[in-house]
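Chain lettering (A, B, C and D) follows the sequence in which the chains are written, and residue indices restart at 1 in each chain.
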Amino acid sequence: MPPSVSLGRSNRLGAGAVDAFAVLTRRSDITLVVALIVLIAFFAFTAEYFFTLRNLTNVLGQASLAMIAGIGVAIVFISGEVDVSVGSLQAAVAIPLIVIMNHTESLTLGLAGALALGLAIGVVNGYLSAYVGINSLIVTLGMLFVLRGGVYLYTGKTAIPDDVGLDSFFALGNESLFGVVPYPAVVAFVLLLVFMYVMRHRPFGRMVYAVGGNAEVARLAGYPVRWVKFVCFVISSLLATISAILLASRLGSAVHLSGLGFEFQVVAAVVLGGVSLSGGIGSLFGMALGVLILSFLSNGLGMLDLATEWQLVITGIIIIVAVAFDELKRRRA
Amino acid sequence: MPADLAVAEAPALALEMTGISKRFPGVVALNDVHLRLEPGKVHALMGENGAGKSTLIKILAGVYEKDSGTIRIGGREIEILHPSDALKRGIKVVFQEIALIAEFTVAENIFLEEYPVGRGGSIRWRTIRKEARALFERIGFDVDTDARTGALPVSQQQMVEIARALAHEARIVVMDEPSSSLTPNEVGLLFKVIRRLTSLGIAVLYVSHKLDEVFEIADTVTVLRDGRHISTRPIAEHTNDTLIQDMIGRRIETLFPRERGPASDRIALSVKNLSTAAKLKDISFEARAGEVVGFFGLMGAGRTELAKAIVGFDPISGGEISIGGKRLHPHDTRTAVSLGIGLLSEDRKGEGLMLELPVVTNLSLAALEEFARLGLIDESRERAAAQSFVDRFRIRTPSLEQPIKNLSGGNQQKVLLARWLMRGLSVIVVDEPTRGIDVGAKSEIFALIDRLASEGHAVVMMTSEMPELLGLSDRILVMAGGRITESFTREQATQEKVLNAAIG
Amino acid sequence: MVSEVSHPAGPGNAIGRLANNSQIVLIAVLVILCVGVSLAEPQFYSGANVIAILRQAALVMIVGAGMTMLLITAEVDLSVGASLAFVGVVAMDVINITNSVAIGSLAGIAFGGLVGLVNGFVVTRLKVNSLIATIGTMMILQGSVFLYSREAVQNHHHLAAFVDIGAGYVGPLPIPVIVAALFFAVAYVLLRHTTLGRYLYAIGANQKAARLSGIRAERLKLFAFVVTGLLVGVAGLVLVSLMNAGQPTAGRGFELTVVAAVILGGTSLAGGRGTLLGTLLGVLVLKVIDNAIILLQWNQDLQMIVPGVVLILATYLDLAKRRANAR
Amino acid sequence: AADTPKRIGYVVNYGTHEWYQNVIKGMKAHAAEIGATVEVKDANLDVAKEVSAAEDFIAQGVDVLIITPVNEEGVVPLLKRAKAANMPVVLEGNPVKGMTTMVAICDYDTGYMAGVEAGKYAKDHLGGVAKVMNVGLPLLSATVLRSNGFMDGIRTIIPDAKLVHDLDGGGNPDRALEVSTAALAQNPDINIIYGINDSSSLGGLQAWKAAGKSQDNLLVVGTGGEGLAFINAMEKEPSYKIEAAMFPEKEGYTTIDAAIALYQKKEVPEHIVSPTAPMMGDDWKKFYDVAGTTRTPKWDAINALTPPAKCMKTAADLKK
């Protein structure tokens, strides 16, 4: 029995998660919503500049990187596999993006290059895990090492600056829609809606849940189990690539250091969001809440001018307490 | 169209399997087996545990690939390489092991194979819920279609399995021990459904270890033994004895031997005013050494919960349990086992087997301390003991190292019972002990239970099988809604009385 | 019987044999590595270097022994790296205060055990999945170690015994290696030949079945966490002695090294499967690669790439062989 | 007097590191003198977090923003955005395209000067032989500069000084120890250990001791002088003779000066160099008082040091 956090599980799913309301009323998600509100309320009173439109939208922008990658990682988790390669992927795909832009002065080609590499990584992860059948933690952990090492080798451990400085590229990660909502937040929100819809209302989404819930049963139901898992890995890598592109824009370069430990952040958020490591359980909505909680936490604590060490301690405690609390409530009910 | 032509000139066969062979590491599961299904007829497939029934079905369903042989549907030879191939051709299977997504609602499980989608390709959830409810109403099964499937008891899950096979139109419906955890009432409903299917010209393949069912529903019977085809005859030509003779190659004198004398008056197990938060209310009973106490109840009556509570697996909200006068701490299996009470669970996979681990490890789990000195396991003694049980119970396994997941359902069950016999208990609680077990093994297990009792053990038996209830029990307690509603002595008890008590 | 070929049912632990057939691959990898590197760089098998490798391997092996048990029960502990650093800081500090290596060591080991106890409690009582729980404790430890001491705790008394823990020898053998060998032996017997060990496998394979058989699953998991914690304590002592100071920044990524070594050794993340011998081989392979790349004066970035590839490759080969055996 | 900034925000790249702990001490001390507060957000070596932290400060509307980049290139867009928000920015550490002013020690020069001293020492005590093991950190340009500087410096005295082993010690003590152990096992003839920070040099030295070698013909050179570690080592380890001190407190102090000037719209040079100096033997006593586990800088001595007007080499030179 693989370890599993079974949040988001309830004896009576509102009609297989028909409407958003049903999801909102899912017990574990409600916990997270409350947690998030409490958190924001707390900082609103304690941290002077926290509850300003400027800051709140900032946080949404900052959260979006983990949010976008989190969608993919969550989907892979739900399919019963894991993907921890997203951290190094962030550093890797930024290289073709910047290099190609520097040569061609074309953002489009740069994006294409980044997505191409992201796709390739996803295909390798997916092939080795789903078709060859190597444990996906091992595959993606290996990929994490290989990509990071590869980035260091290729760049000689220096950042590759964006020499072209296209405004469009700068805008991606640094400017805001109507000067209010940062574009990364917009991208994240759209992607979130799309995939929430797919996971709930498209047969593919349900296949992913079924495959993760019980691969054998899914196979008996005639599902192409391996293909489904394969696709999940590809989706994950492509979404991580999008987050990497936004990060690269915020950094104006391909930084060999970027994404260090990013996979930890994302996994923590995803699990906090109630997505089970054993597959088949969890919602993207919960994942999003998990990301937001951690982002607001780090922003708020920063606003309180708390030392890193305290921030680490508090974040750690909150993660544990949140999960424990939900687990408790689940067993009570 | 060639297809139509084929059908036209084909003999009136829905399915024809010929020369089917399948070997697994160390095992020949099927050896040149053939099977012919006629449209609108019920064909029973019988045989001992490990005879190859499920393997044959899984080949038909595209779960396993056959090593050799041909499959014809409507006269046309076809290859089935993946379950989807079978489904496409209208072969619907109710598998022996529950094959449902625990996290999905019942309704969604019903439509797993093909979600109804709208124009845009979105799933039409309302249709799913509506049609699922309608389906269950048609069949007459009482299941909450919006419940999380995993939260339902095995029995209800099995009904969902059955209903699912009927959701889409089919040509061939295969049922691998569909009734193993149904109560007589639901079996009746199941047969109604099967008759409706046959009336529509659908061919039904029905696997069961229950002779009475087969005689009631089947038109033809095929018997397998050790992976070989033994006989295919119209049911009319069979009697209980000939069928058993075919299945196990010998006759069984008495299914319910009774060597033991009257029970002693030493109280082995006493339960006083036991209640649980979930279901049980004020349960009190005693089991004396050398006595078999049978619990009957309709599905959901609370037998399993009672069983789990008295062996300390589940917490209790009130009352007390004592073994041989010593009081148990509630919710603590270790002291319970060391005081000599253990449970053979109804949920074989979930609460019994360590699927990936070898037979020997599964066998010796509870008795390990007895082979250990200062915590060090004497493996040769462990293996010797395990081997002796494998032989005594005629457990079919290529070796003690075989991962137990590769054994047939019945053989797995034997291993789990053996696990407790190795441990040597004073009170053994068995929940649906013969679920999915062949007549031969059944009679052995009945003999065993009888011997356990005669050796002074107390046996508490939860069962939905009327014959074994009446045949084995010294006393019968009937449960309904979490309470004990009636109690009969062996002499008083009749099928009618017991059933009425269970319903009322 | 249906049985045709019936395996020779020789003595020895069935689980052991189940997993052992995975080791041929690793042994081959290790041998090939050593031979190859030795040819390219004779310094590789110089006494000094062999000892260097063994000493580093010892550090990982000590913790790996505990981690193997944890993974077998289908749990994991990612806080070992952070705990490793903290143990060193505590031990050094206590030694400075008490001027006694014994007391300091006890304090360090006790601290490690305490962390294990907390992890175990959070997982078995609060029912928090161990991955997330130990990521949590990892953060807490990383933060609080700096709250405990902002800078490295220096060694004030320079007690000989303290230096010996990490750098000392008994005959030709470095003390850390002896310690590791000791724990390996104990853990090996425990996992392979004792009821306790067998129960750990059982819990990993099917916790409910184990409970029904009268096994206190939760307690044994707690035990595995505490053991891991104590072993981190021991490893922490070795490290602090080698560094001659309690370094709050030490141990970064140590948890990944340990987990990588254990799964490279063929221990299943799903629980119920794994051997200590595999872990030992996993540790050696990783450490030989690490060492070889320095000796060959290759770009040290390869110290990430090569292990990554080896991890995937070895697992694949093992898988392929398993499938072949199943034919 | 012109008005001074009240709220200064500092985005530090690696706030838990002793070096920056002391930089921050220096900042806060000086800020207190002018009645200002310094708020610190720690990127903790995470480039994404660095951008977020700066964003937050801009949202908080601090008067001046000080940034120590995790990576120079990674803050270019940030400067652009700060300009857009008229937020004066002081960089600490390395030059960045589009910056107004930067306070930095010269990493290359620091290593260079230490190298020269090391060369002299090797000439007098090691028979003119210099076989160097560099416990480096290729990850960061600053540390690469130090290593390069050290080798160039030592070669001015001993032209055939040899870089026997160029290691990536990860900048942390245990990794430094591990890689050094391997290198020393391979090259027993190494006689000089250079570390790009104290953790690295000490890691190298510990590896030497663990190999059971005597320190008689060994020279260890550390860099940073951030904490007590190097003082402890210089006191107790016979081979630990040279420390390329970088006076973090002074760096912090100078940074605040720059911040004030910038806030007051005064002319500020593009490069403000904070002094460094190699310390031999007991030299550290000139610059620090140590009581128990706290050290206090002797400002007179430190302020007396005259930094070079410009660095010999900067990160920009590495690109070539």
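Simple rule for what comes next: a residue touches a chain if its C-beta (ideal position, glycine included) is under 8 Å from a C-beta of that chain, and two chains touch if they have at least 3 such contacts.
Just so we're clear, the structure is a prediction, and the values are computed from it rather than from any experiment.
Engineer: Looking at C-alpha means, what's the farthest chain from subunit C?
Structural biologist: Using the mean of the C-alpha atoms as each chain's centre, the farthest one from subunit C is B.
Engineer: How many angstrom between the C-alpha centroids of subunit B and subunit A?
Structural biologist: Whole-Å distance between the two chain centres: 43.
Engineer: Quick one: subunit A and subunit D, Cα centre-to-centre, how many Å?
Structural biologist: From the centre of subunit A to the centre of subunit D is 36 Å.
Engineer: Would you kindly tell me how far, in whole Å, the mean C-alpha position of subunit D lies from that of subunit B?
Structural biologist: Centre-to-centre distance between subunit B and subunit D: 72 Å.
Engineer: Using the touch definition from the top, which residues of subunit A touch two or more other chains?
Structural biologist: Those would be 152, 157, 307-309, 311.
Engineer: Give the residues of subunit C touching no fewer than two other chains, as numbers and ranges.
Structural biologist: Residues 146, 205-206, 301.
Engineer: Among all residues of subunit B, which ones touch two or more of the remaining chains?
Structural biologist: none
Engineer: Would you mind giving me the full set of chain pairs in touch?
Structural biologist: The complete list of chain pairs in contact reads A-B, A-C, A-D, B-C, C-D.
Engineer: How about subunit C: which of its residues touch subunit D in the complex?
Structural biologist: Residue list for subunit C touching subunit D: 41, 43, 46, 48-49, 51-53, 55-56, 146, 150-152, 154-155, 158, 163, 166-167, 169, 239, 242-245, 247-252, 254, 290-291, 294-295, 297, 300-301.
Engineer: Spell out the residues on subunit B that touch subunit C in their complex, using ranges where they run on.
Structural biologist: By the definition above, subunit B touches subunit C via 25-29, 50, 226-227, 311, 313, 333-334, 336-338, 342-343, 345, 350-358, 360-361, 365-366, 368-369, 372, 375-377, 379-380, 383, 387, 396-401, 403, 419.
Engineer: Can you tell me which positions in subunit A touch subunit D when the two form their complex?
Structural biologist: 48-49, 52, 54-55, 58, 61-62, 65, 152, 156-162, 170, 173-174, 247, 249-253, 255-262, 298-299, 302-303, 305, 307-309, 311
Engineer: Along subunit D, where are the residues that touch subunit C in the complex?
Structural biologist: Listed in rising order, the residues of subunit D that touch subunit C are 16-18, 21, 138, 165, 167-168, 170, 172-175, 177-179, 181-186, 188, 199, 202-203, 206, 209-212, 226-229, 232, 236, 293.
Engineer: For the complex, which residues does subunit B have touching subunit A?
Structural biologist: 61, 63, 82-84, 86-88, 93, 95, 99-105, 107-108, 112-113, 115, 117, 121-123, 125-126, 128-129, 146-148, 151
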